[in-house]
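Please go over the structures that come below.
Same chain, two partners: subunit A is paired with subunit B first, then with subunit C.
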Partner chain A sequence: MVIDNGRVSAGPLASLAGLAPLLVFSNSLSQGVALGVAFFLAYSAAGAMALLLPARLGRSLVFMFSILGAAVVSSLTASALRLFDPFLFEAAYDRVFLSVFTLPVLRACVIPATVSDRERAIERLLWGIGYSFLIAVTGAAREFLATGAVSTRFGTERGSLLPIFAQPAGAFMLIALAAAAFTVVIKAVRGSES
Partner chain B sequence: MDVSEKTRDTWILAGAMALIVAASGFASSYASGQAARQLAKMTSEALGPSPRGEATWTTMREGSVLGRVDRRGEPAAYLVVARYADGEFRAAASVDGDGSILELKPLGDSGDAYSKRLAALFSGAVRRGSRADASTLDASLKALVTDTFEALAILERGRTEADDGDR
Partner chain C sequence: MSVIGLVFYLTLGGNVLAQWGLIPSGKKGGAFSASVLLAFIAASAAASLTHGLAFRYLLSPWGLESLAPILFSALLFGAFAAIKAIGTALGRPSRPLHDETLFQPTLVLYAVALSIGSRFSSTGLLLLGGAAAALGYIAATGFLEAIMERLELERVPEPFRGVPLRFLSAALMALAFAGVDAGFFSRLSL
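What follows is the complex of A and B.
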């Protein structure tokens, strides 16, 4: 968990920082959903393979097969995206493959070291859903801040509110605001405990 | 640990992965074909259907030019996707063998100011003689229009030269 006995665990937060490349490219709801789904499928494939492959293969081989599985799933996701919306595919196909190289997916490729780690598979799956949701929400929030509206169809942006939020700088500003808000919440939790 | 058992497992997994990679290759090829058909149809319909009905799509991804539709006995059609800060402008362009733009039809309307201005600039550039009214957005968009027209001219001249070379 993020907060354990009043202490902040760095693991999930570091993984969150590892999502920065996807958060930077997620600048609209449609791109956010596409990247979120691609991330979740790659993350789930990597995690499932690391969990199901026999431990006797060794850490290196399990990691290699898991990341290969995540890459294949990303390729299938890109194909599905191409069938669904060729224009969205052209705008996002290189970013879809970026999800394989994010920190949470790389961590999911590592074979669980202990039995208790194996039993935390559901927790890891929930984190994956959370990360995907965050990518999609970041896209929607940036589109709203940049254009003043959120469109479900790619390439139909409306108006102009704060265009900087469509740029990579907007993603970092949003991440900074979220980190600041998180720090305030943590301090409030610690304050209420003491 | 039994080393031979580990080797056997590794080979089985490698074989399974090779099959999955091949299947994903087929899926990618199928998706590519379907998308090509969809984009060719969209471009052809925007410029008026070809009397002979045949249209072949070639993906190019050269700057703002996404691809070309070859229609028998008619000038080549190009699909232009010009990306700007927070959106993209899509158009179908009919290009003569010497690289001059014969016709340009916007595909859809994203409704934002950049897209509308790009449509005006592209139309003005195709008509050449007519002077479009000025806008504060022109400074950031004119280079995009010029680059797109240059790319279209280079691609079409290259294609016709290659065709002439084949004959």
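What follows is the complex of A and C.
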């Protein structure tokens, strides 16, 4: 991560924009968990394919096969979700499908350029787990802020606290506040180190 | 829904930037030529039509809706190969598919195809819906970049500068779009 002119300018914050399609839809714990799992499986499949396919295939072919691998995994995830909870599938299937084409997954499909990039596979896997956790936590936080409670079952009757947080605008606000808080914390940590 | 109502809906309440969270990175905000924008609108219409028809007539009858991402990937690779072949024939090199600048347009095209394909079934509405959704996305991106440019002149608290401010601006835009749509257009039978 880089602090440039007092701003946290790269890394996790830039990735938030790429995750936004999933964060915006994740407005309850159940949807957050479903999307987080779907994202993690697609991300891992894409990263694994890009790492394991022979480099002699060329960057374009490796990229295409990696997308295809992520798409197959996403299809299987959607099928499993359909069996597990058909109502949740009906509500979330389009975002599960979209997770294949989110920016972190597409970036994971690119074959690592250098050997040192290849050796950072574990780091990328940890980032994937972190992103998935973030999607699930966002869902739980938005559900709590919108209804005053968190339910593990999809579609149950809920109360009303701050309904705006169930809307896309509420998701953007929450992401903005979290990003600003993150910036303050990082700057404070860097300040105490120097 | 009439044609005018459809265009207004996809530009405001159903805008893919506000409703699907497709926030542009802002690295090249608004600096696209008219031909690129027209090509994007045409690609969006074509993606909505092909994906919508294939989903309805190939996947749905067999209960294979879960294969939609594979279908879109195949359509994407086919379209890319066709564009590359045309570019080679004309002597104009095309960008590789793994070029990072193509990631966001690809995501938007798929979001539009999913959004429009689940709403409409006729060929005309799929085409028009795809084009209107792309137009709405371009307009919203332009608004967002203009807001960000204007806010550069303001004394915004330091922690909110950059990514947080972009999301806050998108939140206010989403609220405004939803408000206009709910309070005005959705009450009209255009």
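Following the convention adopted for this analysis, the second predicted complex is superposed on the first by the 181 of 194 C-alpha atoms of A that agree within 3 Å, B and C clash if a C-alpha of one lies under 4 Å from a C-alpha of the other, contacts with A are read in each partner's own complex, and residues count from 1 in each chain.
As a working rule, a residue touches a chain if its C-beta (ideal position, glycine included) is under 8 Å from a C-beta of that chain, and two chains touch if they have at least 3 such contacts.
Source: prediction; values computed, not measured.
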item	value
Contacts of A:L68 with subunit B and subunit C, given as first, second, both or neither	both
Touching partner for A:R56 - first (subunit B), second (subunit C), both, neither	first
Subunit B versus subunit C as contact partner of A:C109, first or second or both or neither	second
Partner chain(s) touched by A:F101 [first = subunit B, second = subunit C, both, neither]	second
Touching partner for A:V189 - first (subunit B), second (subunit C), both, neither	neither
Contacts of A:P86 with subunit B and subunit C, given as first, second, both or neither	first
Touched partner set for A:I129, first subunit B, second subunit C, both or neither	neither
If touched residues of subunit A are counted for subunit B and for subunit C, the larger one	C
First, second, both or neither for A:Q167, with subunit B first and subunit C second	both
Contacts of A:A146 with subunit B and subunit C, given as first, second, both or neither	first
Touching both subunit C and subunit B, counted on subunit A across the two superposed complexes	68, 72, 75-76, 78-79, 82, 167
Partner subunit C, residues of subunit A touching it in the complex	6-9, 13-14, 16-17, 20-25, 59-60, 63-64, 67-68, 70-72, 74-76, 78-79, 82, 93-94, 97-98, 100-103, 106-107, 109-110, 164, 167-173, 175-177, 179-181, 183-184, 187
Touch list for subunit C against partner subunit A, complex	18-25, 65-70, 72-73, 76-77, 96-98, 100, 103-104, 106-107, 110-111, 114-115, 118, 158-168, 170-172, 174-175, 178
Residues of subunit B touching subunit A in the complex	1, 5-6, 9-10, 13, 17, 20-21, 24, 27-28, 30-32, 34-35, 38-39, 61, 66, 81, 83, 85-88, 90, 108, 110-113
Complex contacts: residues of subunit A adjacent to subunit B	27-28, 53-54, 56-58, 61, 65, 68-69, 72, 75-76, 78-80, 82-83, 86-87, 89-91, 146-147, 155-160, 163, 166-167
